[in-house]
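Before I ask anything, here is the structure I am working with.
When the chains are written out, they are named A, B, C and D in that same order, and each has its own residue count from 1.
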Amino acid sequence: MQAKHTIGHLIDGQTVLTGERAQAVYNPATGVAEKRVLLADQQTVAAAVASAQAAFPAWRATPPLKRARVMSKLKQLLEEHADAICQLITAEHGKVLSDAMGELQRGIENIEYASYAPELLKGEHSKNAGPAIDSWSEMQPLGVVAGITPFNFPAMVPLWMWPLAIACGNTFVLKPSERDPSSTLLIAQLALQAGLPPGVLNVVNGDKEAVDALLMDKRVQAVSFVGSTPIAEYIYATGTAQGKRMQALGGAKNHAIVMPDADIGQAVSALMGAAYGSCGERCMAIPLLVAVGDATADALIEGLKMEIAKMQVGPGTDARSDMGPLVTRQHWEKVRGYVAQGVAEGATLLVDGRKVAPPKGYEDGYYLGPCLFDHVTPAMRIYQEEIFGPVLGVVRANSLQEAMDLIDAHEYGNGTCIFTRDGEAARYFTDSIQVGMVGVNVPLPVPVAYHSFGGWKRSLFGDLGAYGPDGVRFYTRRKTITQRWPSAGVREGAVFSFPSNQ
Amino acid sequence: MQAKHTIGHLIDGQTVLTGERAQAVYNPATGVAEKRVLLADQQTVAAAVASAQAAFPAWRATPPLKRARVMSKLKQLLEEHADAICQLITAEHGKVLSDAMGELQRGIENIEYASYAPELLKGEHSKNAGPAIDSWSEMQPLGVVAGITPFNFPAMVPLWMWPLAIACGNTFVLKPSERDPSSTLLIAQLALQAGLPPGVLNVVNGDKEAVDALLMDKRVQAVSFVGSTPIAEYIYATGTAQGKRMQALGGAKNHAIVMPDADIGQAVSALMGAAYGSCGERCMAIPLLVAVGDATADALIEGLKMEIAKMQVGPGTDARSDMGPLVTRQHWEKVRGYVAQGVAEGATLLVDGRKVAPPKGYEDGYYLGPCLFDHVTPAMRIYQEEIFGPVLGVVRANSLQEAMDLIDAHEYGNGTCIFTRDGEAARYFTDSIQVGMVGVNVPLPVPVAYHSFGGWKRSLFGDLGAYGPDGVRFYTRRKTITQRWPSAGVREGAVFSFPSNQ
Amino acid sequence: MQAKHTIGHLIDGQTVLTGERAQAVYNPATGVAEKRVLLADQQTVAAAVASAQAAFPAWRATPPLKRARVMSKLKQLLEEHADAICQLITAEHGKVLSDAMGELQRGIENIEYASYAPELLKGEHSKNAGPAIDSWSEMQPLGVVAGITPFNFPAMVPLWMWPLAIACGNTFVLKPSERDPSSTLLIAQLALQAGLPPGVLNVVNGDKEAVDALLMDKRVQAVSFVGSTPIAEYIYATGTAQGKRMQALGGAKNHAIVMPDADIGQAVSALMGAAYGSCGERCMAIPLLVAVGDATADALIEGLKMEIAKMQVGPGTDARSDMGPLVTRQHWEKVRGYVAQGVAEGATLLVDGRKVAPPKGYEDGYYLGPCLFDHVTPAMRIYQEEIFGPVLGVVRANSLQEAMDLIDAHEYGNGTCIFTRDGEAARYFTDSIQVGMVGVNVPLPVPVAYHSFGGWKRSLFGDLGAYGPDGVRFYTRRKTITQRWPSAGVREGAVFSFPSNQ
Amino acid sequence: MQAKHTIGHLIDGQTVLTGERAQAVYNPATGVAEKRVLLADQQTVAAAVASAQAAFPAWRATPPLKRARVMSKLKQLLEEHADAICQLITAEHGKVLSDAMGELQRGIENIEYASYAPELLKGEHSKNAGPAIDSWSEMQPLGVVAGITPFNFPAMVPLWMWPLAIACGNTFVLKPSERDPSSTLLIAQLALQAGLPPGVLNVVNGDKEAVDALLMDKRVQAVSFVGSTPIAEYIYATGTAQGKRMQALGGAKNHAIVMPDADIGQAVSALMGAAYGSCGERCMAIPLLVAVGDATADALIEGLKMEIAKMQVGPGTDARSDMGPLVTRQHWEKVRGYVAQGVAEGATLLVDGRKVAPPKGYEDGYYLGPCLFDHVTPAMRIYQEEIFGPVLGVVRANSLQEAMDLIDAHEYGNGTCIFTRDGEAARYFTDSIQVGMVGVNVPLPVPVAYHSFGGWKRSLFGDLGAYGPDGVRFYTRRKTITQRWPSAGVREGAVFSFPSNQ
């Protein structure tokens, strides 16, 4: 019975159970460790890379249209297996099933984009760059590329990476989070079923040993990473020092500005989801609300409190739950600590989610109710640091400029948004703010799959964002060919010389 | 029993059996009329247009991604129903099943391209076109657009048109060929099943009355047509005079040039398919082979004769058949007339397909074996006119330039190709030849779905080609917005004035 | 002395004085005919086309970068000769010198865009469109193209056309307005000086005879036209019937909507220029102002009347003049007739420009002061028809939707704008309105040179707008090449066979 | 008199003579130190960065068209001052004047490309990314960016960087080579004259101290570097560790393959320039010739020896000179050392340029004649290392595949080319070779300015190449805005509520 709960790797199209070390995988709704995952050692990683390397030449030469078709087929399979995938997400991550379905859907959008490969890989062709000289650019694949992904979106974030990388002609080694690897693996298996040749996509589970093995492997040409800023910085520095193409997405502390002319009801409704959805364990969550004017702040708080009062916290599998548990006990303790810290720092705790009792039968789950602070200030740790929990802080500002100065002074620059009806306020904000993804009356401005995801400042290390056009550029290398042909060849002399020579 | 053989229209999501006139639909393999098709009158066409008009506002406002997903789903359904569709094609057109599958496959590629709509519809955005002034272009749909399609590709040519038009946000009225409408209708029904709202795609069967009703209807914004050049010219002139956006693709007489340095074996093999595939009833068929040098001509003819000798002519449903019957008895007589004409004009008839006997049990089918002429010259009608049958003529030339001059002097400019190994000859040919679609060692250079189809000279009336980037441009209208916002609004005065007003 | 006042043609790099017929060219500020212009007969037009045809092969093969450099050099020359050009514009058209400088500047922007030719002409390249098959598109020039341009922008409108056409590799025949041809000719001469080879740009002056000669000449591949709608429709129909690529821009009746939340001061200021600038002789002028709400209307009218009271009408060469004369006596009479008509139809004439006396010494000039009507309604001719004079009509509406319905019911759809501070109102308007060029707080939303100019409905006949990306598409023809190479050639057998053969 | 020979910095629009340290600048043709250049200390660098930082906000808000126009004007000034610039290049670098003119011309092409800024900076706009939600991407400038450039192209390589960076809205600090800074400075001064506001472009001269100051300055957002591979690697690692966007172009060892079917005469002619032009001091020079087949090798060598015999070595200012001196005495010794090394390693020295005597009157110049080795093998240092001198080595191979394997085994992957007439050989080579810039019968396939420059492997550190589309992407940061507007605002309630409130 133990065997069926052991999660292994997917290498060269086969499930592989190598690695001496393993780690428990918990269900956050119950606090029970129901499975264990093997942690890849260097040899296992090397085997995955070797498989990818071997699969590269044939995959690279496969026409983009054929590669794209595997993506279309995979989309179809994911739709058919959506329930099974979401059950795995909820069982290991804790989020409610509707959230799981939401993330899978965003992941599928990235597969759809990858299926545009024939269009996306068009190069530029210049006739007569010089007299009778033509020149064109080809966007060629890199070879073996790797992805290292976080626990909070076990389906979506890997799907930001490998479908596009593979559609561009690369082969891939994915190391998902060891906390919730099962949905990731199931999706990879469906990709094989959709027609990916063995070795084109490999999955290794593991921890820092596996990460370092990928970073040090000379055959790995590029690495995409999503996680916290300190790790992102380490990954980026280590990989670039190895001569690899790197992109490492880190943390966030996204502010929402609400202007006095905003539709307050719409803002409250939008912010509830942005602050507490998926327990705030999203790099595009809104943990800070900057109200311009005290009247605005008061109206927002009144609305938020009313909405919070209606929220249900419980296991993600229960359709009545609005919010599930946090991902691990350790993280649960850390978030509770931040709440205490906020109180200690002098912020006003209007709603204390720590008082929310776990649902009956789930007493060991990692539940925490929504928390709401007023009078948060930039000097506080709960302002400065990424909490990644259901904690929303209200900051009060006197003008749009003051609100924007706060944002620009923060070390992160991932996402932000403004609520207003005024065209000029929106234009000034979107133009000037030092943040990569900006919403206007849109609380979580995650770019759609055919644009690109990318924060600024310490939220992203690298030149190019994830997925979309930036993703295509990241997963391809430009080759420019300049061509002319010698004259006086077949054309002029054709009739007389050639037939007799052959 | 008669009822089930009557083919009607598809309007507003329903099968409609209106129209007083009808016409027999024959099976070319047997010569038997197994079905009849209703011919739409003006009221029927008007009803279809009205349905499309009513469906437009909601469909236009549907996000491109959602529209694209209907295309993905349709692709899936077409793959599932491919056999049924191909049986219908063969039963009404006559081509062998593998050919039918080939055309369906090319049609599916256009559906795949239409599913890229979110990428294809991106507009251009210019920040600071002036000081604090932004400007962008939106590619908006036109409204109701129509397509009129020929008998020779009942699945593929309609799929060049409506999937892209619809993915761009338009609604559509299709009038397919009345000779083989059943596969076209089945595909349209599958599109509804894939999620197209009623009225977004309508199909009316009919003849000139229906065509004229579409051309004269003020609500129809644009028409795409594929057919013969005289009709294309009429359609284009009539539609443009009505203020419609028009594209009308007409006839062809495609030449293949074979240079002395070509891989003769590859050329022979390629030309067999290009000349005789689908009985030559393709606007991208190769009915003329220009051999540069007599040695080249002799080698090609020797190879062609050997290959022709192996060919089997028979019903398209028989897997042993290489070539099926012609589409109608009338066309069969016309093609045979051209063969006689060629002999009368002095060309050397090396292989006379008229001698091929119909297979046993199919004595009334419209069969004609492959014909091969040598010494064809530009003065002959079999050189000048589009035969649309299994008749290949060899022209002898002394140089590449002489061969190219022949092509440039012909009224058509649809497709052409060259067989050579020489970079310079290929570059000179592709640069200079007055033809829209050019192959190098590729006999039927039909552009892939993510490029565009378009002949030059009298092969296309209109500015923009079919499908691909040109198709997107044809089915959309540019709107350019220039925007600035008055200052001194919400931003500066925010805190003080607004809250008190609310 | 007569000789130096005769304006001829520019053919093959030479000034040509052919044509038996001639026409007087008046100075609208004085009413004096100071010059005469020769009107080309068919032979003259044919000579210009022949010159362009002869220049085409070499110009087509000139690398785009070299063609672009002529544009850069021309820009420099136009800046150096700006005063001389503007003097000619004012002397023949009448507009004030600052307006002339404005139009020249907009024309120069189109030259700048044409100088991007190497970027604009990049084709799309698809590696592995099939196995070892590559495919790419080339945007090739058409050959000889023609332009027919109106009196109101003798510098700018021709510069919308020929610089881009020529930068794309075409050669050009321009027929400017016979009322004010001198600035057009001077610019063309500077283009030759900038390095255009003789025959690449030709200018013929003339009237309908010349126009028809261009439309009927088989060698002319495409024609761009700007003028009134009836002529545009004739030109378009005649040209398309000849198999030419055509674009014909016609008339306009642009409405500005002012919402109650608009910055009224900014709106008044913007509308003054848009209504009366260049005497309203602009296809992007604003002759109709739709005020939403009576309070809005009253505030606007108050502001407009104050501004109108400050306006100076006088010769364009006088720096104190805000507005010059109309272009011809005939047009002066026509516009005055419209004013009388408006009064007769029941509109309230708030300001009657007919009472403005011509300045001393210019009694025979075609002067008309600014006119302002209130209570204009859709039933009136001054609402329906393009007046092309300094006549602004105020229409009162009760809602944005009512204002928009007015616009959508009008036959023209060239330009429009809205004045508001509200993001949602602007978005709804720009999305839905059936007009091609839309401003938000921008009164004359003429697209910048790197976007494209194009009205909807009866303001434009053709698929593609003028200049910008549409212009590039209009002046080029897509050629798609599909290429594969036979194997077993030089690569494998290289060492052994070739050296001994050579 | 000393003063006029001291070369300072250009900061905030002023020449600045700060820095305690200085270094002699030699004329390589004479070996005489005619000038000295100040070496910036940290304070000087900090002042330049501060100036750039201060200039950024206004420059960023300047419309791209205005920024582009400075580039057009600069182009004009460079053409007017071309002789003065080239004299400075030759006086400090040594290359012949025609070479200097060639590099200036390539630099001007990059300015032309930068002048396309309005087109290049267009973002992507998606209408209805969701229901009534629009999303678009803006490519915003980074802020202060820096460039560090090598001695071998003092005019061209800086012009790869700053014109495009500045046209994109950034401000710039350039540190050119301290060996030949004068032409770089003159060009920068002309840029100010063309209209760049003070601080937008600053130039600091210096050595490692200045480089490190730039790399460590937090205000510098990005650095472009061109130089040798070890330095490139250091620069890239240091800058990325500082969180900067980095691109560092390093060394090269470009191979030319000549196939047996090549036009040998054309190949010889092309290779002479590619091997010996500018003394081989080019990262796109061809120092290795791989002949396929001994007959090919023998024919090439015969041709090369004949051409070498005609070459004149002398001062760059002498129009009879084909090749000038090397850049410094140190480098001259190093290259001579490589020649000796090649002989010691067993390569056959066919032509020994060391025997060429310096021209009379230039005995202290750093002259070295063209050297030609046969039988060079991959084990030799003259094969492995970048010599950067007039030394061409012939390698003999038996097949195309063997020749390509050599190239792919080399650590560099900058440029390469093949000489052949065969389409298939060229296609196989260009597809497979692991090199970023590939020529077919083009010896120095430096991409034109509207494509991008970028080697592979250890020739480039970073994701994006220099200039062209990659340059635009490098010098801009993507910002994605997602926008919707609350309804029930101005539109519906317009008439009644607003006027009374105002």
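Annotations for the structure displayed:
The rule we apply is simple: a residue touches a chain if its C-beta (ideal position, glycine included) is under 8 Å from a C-beta of that chain, and two chains touch if they have at least 3 such contacts.
Bear in mind the structure is a predicted one, so any value in this text is a computation, not a measurement.
Counting C-beta pairs in contact across C-D and across B-D shows that the higher total falls to C-D. Counting the residue numbers that touch the partner chain, chain B and chain C have more than half of them in common. With each centre defined as the average position of its C-alpha atoms, the distance from chain C to chain D rounds to 42 Å. Chain B and chain C have Cα centroids lying 36 Å from one another.
Rounded to a whole number, the gap between the C-alpha centres of chain B and chain D is 48 angstrom. Residues of chain D in contact with two or more other chains: 65, 118, 122, 124, 126-127, 129-130, 132, 137, 420-424, 426, 440, 448, 450, 483, 485-486, 489-490.
The touching residues of chain A, counted against chain B in their complex, run 65, 68-69, 72, 75-76, 109, 112-113, 115-116, 118-120, 122, 127, 132, 134, 259-261, 292-293, 295-296, 398-401, 420-425, 427-428, 431, 448-450, 483, 485-487, 489-492, 494-495, 498-500, 502. Against chain A, the residues of chain C that register as touching in their complex are 61-65, 118, 121-132, 136-138, 140, 420-424, 426, 440, 501.
Touching chain D in their complex are the following residues of chain A: 124, 126, 129-130, 133, 135, 137, 236-237, 240-241, 243, 245, 262-263, 266, 421, 426, 430, 435-442, 445-448, 450-454, 456, 458, 461-465, 469-470, 473-474, 477-486, 488-490.
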